[in-house]
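Below you'll find a set of structures to go through.
Presented sequentially are two complexes of chain A, the first with chain B as partner and the second with chain C.
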Partner chain A sequence: MTAPALKAVGLTKRYGRHHALSDCTLDIPAGRVVGLVGPNGAGKTTLLQLAAGMLAPTAGTIEALGGHPASGADQLAKVGFVAQDTPTYANLSIADHLRFGAHTNPGWSQATAEERIAQLGLDPRQKAGKLSGGQRSQLALTMAIAKRPELLILDEPVASLDPMARREFMKALMGFTADDKASVILSSHLVSDLERVCDYLVVLVASRVQIAGDVDDLLAGHFRLTGPRRELAELPGGVDVIEESHTERQSTLIVRADVPLDGGSFTVEKLTLEDLVLAYLSKAMPARPAWESTR
Partner chain B sequence: MIEFHLDGRSGVAPYMQLIQQVRQALRLGLLVEGDRLPTVKEVVAKVAINPNTVFKAYRELEYQGLVVARPGVGTFVTRTLTDQSLAAHESLREELRTWLAKARAAGLDDESIDALIATTVRTPTEEST
Partner chain C sequence: MIWFTWRQLRAQTVLAAAALAAFGVLLFVTALLVTDLYADVAACTSDCDGVTKAFILRFNSSAAFTAHVIALAALYVLPALIGIFWGAPLIAREVETGTHRLAWNQSVTRTRWLVAKLTVGGALAVAATGLLSLGLTVWAQRIDSASQDRINPLIFGARGIVPVAYALFAFLLGATLGMLIRRTLPAMATTLAVYVAAAAAMPLWVRGYLVPSRHDTIPLIAESIHGMSISGDTGAIEVFGDGVANAWTVSNRTITASGATFTGPADPAVCGMEGVPAKCHEWMASLGLRQDLLYHPDSHFWSLQWAEAGVLIGLAALLAAFCFWWIRHRIV
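The block that comes next holds the complex of A and B.
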């Protein structure tokens, strides 16, 4: 059995009295593309930096590929990390970046790196500072891919890219996943960025994991029920209400059901991934009075 | 060779969309026996989706007996989908036209007709449960 890509037990990170991450428990199998979704400030970056060994936990444990994230050179060679907004060195040329990568990564594949730069139509002599946002992100991804990690962690890689560059970035990232059978974890505050590429989802809100699991399982286990209000009490056991809203006559419920669901007089509908995530977001976030006052 | 696309708003799971596109191409004769499906790498590089989604779709197509995977060579179509139900379409269409005329005579507009059909199709009948 291969070690899980990421395993956390009771993982907590505090800055003074502020909880960046609270009691986070995860067991993510290897070989998946994992989407980490949550609003800004939910703790996504903290979790990813803990996984990459850039932060130490306040309490609890975390393992990446079965190893302690900050345990040394072997671990660092296995795990790739692309920080928020895909940073590069503005004054270094593309060729300098590749040379730097070759010197600092034992598993570096110069052939892979050069091939990708050629495919992108970039001149290796060009300075990174002169590249477009999309090209810069592709350079950062090239560095990460040429390192040939078993686990690649990307923090909001496409947040600052235009739709075209996003698509190109995702194509390249998925191509890498198909080739190397590596595990990938990437974060975004937009589900739509991740919907097509992820097969495992972690929803993080207000420093806590709200739900985590295989995307197909999540979609198969959540439903929207709509029906007359008075029959709300008819819900069978084994059904968790995630979100509910009522009018005088009608009730709309988002539920999680591990058992086959017989809606009775309710209309049962499947959810999109976005609806599912939004239900967990609104469950975890206290109602915002600002929304009501803008009506 | 078939080229896949994905409709992000259809509500149909991506792997199911790939399966439907292959089945559709088989029905329309765009894919025939012996044709190779694009490799997983080719698909993900074209539509930016998870490789596991493509694997899953291809496995399901193989299970349905429509394609066969030859390791290191590719995935090949083994059977076409000549549609046996095609012959029945015309008479069903006639009946549907008669029904629609009745519905309109009863005062239903297009929207009410769509709603009625959608809810009826979704309601499990005794035969299908």
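The block that comes next holds the complex of A and C.
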């Protein structure tokens, strides 16, 4: 049994009195492509930086691939991390970056790195400072992939990219997950970025994990119920209401159900991943604008 | 990691090497001139005071004198430049541009990353100041032996091993402040301010106590009265005797037979507005005054050099230790 990609118990990070991450417990199996979704400021970056060992927790524990994050060269070699702003050295060339990677990583694959740079149509002599945002992200991803980590962590990798660069980036990422049997965790505030690549989802809102699980399981276990208002009040056991909205005569519920739902007098619909995430977002954000709340 | 740190500092190192080479040429050319001027002293076998004085006078009006002033200035400025341009951006620029997140996610621990940075940068700082100081110390040997003032604070700081220690201290000061301030320009400015304060405090308040100074009390004679100031109202007088030759006089008080600092009053008949300075000097010499002197003779030169270098290297080591602690426990 391989160690989980990420295991957190009661993980908390505070800055003064501000909670960036509260009591987060996760157990993400290895070999998955994990999407971490949540609005801006939910604590996604904090969680990923804790996993990469860039930050130390205030309370609780976190392990990546069974090891303490950034605890030593071995652990660092196993985990690749691309920070949100995809930093590169502006005055150094692409070739210098690759040489840096080759000098500092035991598992480095120079062939992989050079091949990717060639595929991107980049000149290795070009200074990183002269690259576009998309190209810099690609360089940072190239370095992380050529390091050949067992776990690759990407913090909002496509947030600053245009749609074209976004697609290229995701294509490159999928190529990586297909080739190496590695685990990937990537964050975004848009479900649509993640939908096509992820098979595991973590929803983080207001510093807390709302739900985490296999995408298929999540989709199989959540439903939208629509029906006459009164009858929906009598729901069978094992059904949790995530979100509800009502009109005079009709109610719509989004529920999580571990048991098969009997249709009865209301209709049962499957949810899209986006609907599912939105339901958890609105559940966890009490300070919704008035016009958004139903009635 | 060593390679990468070197790669990051390469451009500045080439610049520094070019500047050092230019200095080498300047020193070499003027060394020939000094050898020329020194020929009389070198040939002198006995009673050489006059010849030596003449050498100093001719040196002071030659191009070599200008070269000496420039070299002195360079040895004072170089450690500050190293602190500002190599030390302060070392960590601050990485944190400011976020590249530490790239560097710290290669398979190299932060500690090793910092070891490489401090080692390469520190070695370059030591090499640059070491070469310059060695060059000047050798170049100035004849001048120092003729003028016998190498222990004078101004010259002392630009000779021997002390400049190397200043450079190492400045480098680590810059690195530490950069790490704490996390922004390059403010870190550079702060480094300059703190370094200048430290470099000024050293000769003013610290150096004199690093090695026990010599204490002498000698009779004040008329010829050794260097100057005085008399208050017109009270007749209070302050007398300044000559310092000790071929030494750095740390403290020089004129005292009475009882050991108290002499404050007058002056005899208005000889020392007032109408008095003659020579008469006044004679009068003072007749009072049985003494000079109470604390000084470092030339023989203290190397023990002072080692002591001061030791203090600075010790401070640099403390700063380095603090950097290692901070980078592992505090920085994000």
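By our rule, the second predicted complex is superposed on the first by the 287 of 295 C-alpha atoms of A that agree within 3 Å, B and C clash if a C-alpha of one lies under 4 Å from a C-alpha of the other, contacts with A are read in each partner's own complex, and residues count from 1 in each chain.
Rule of thumb we're sticking to: contacts are C-beta pairs under 8 Å (C-beta built on N, C-alpha and C of every residue); 3 or more make two chains touch, one makes a residue touch a chain.
Not measured: the values here are computed from a predicted model.
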Partner chain(s) touched by A:Ala70 [first = chain B, second = chain C, both, neither]: second
First (chain B), second (chain C), both or neither touched by A:Leu219: first
Chain touching more of chain A, residue-wise (chain B, chain C): C
Which of chain B and chain C A:Gly80 touches, first, second, both or neither: second
Partner chain in contact with A:Ile28 - chain B first, chain C second, else both or neither: neither
Chain C partner contacts - residues on chain A that touch it in the complex: 49, 52, 54-56, 70, 72-74, 76-77, 79-83, 85, 87-90, 92, 96, 99-101, 103-107, 140, 143-144, 147
Residue ranges of chain C touching chain A (in the complex, touch as defined): 1, 3-4, 7-8, 97-102, 104-110, 112, 329, 332
Partner chain A, residues of chain B touching it in the complex: 6, 8, 11, 13-14, 40-41, 44-54
Residue ranges of chain A in contact with chain B within the complex: 31-33, 167, 170-172, 174-175, 177-179, 192, 195-199, 216, 219, 270, 272
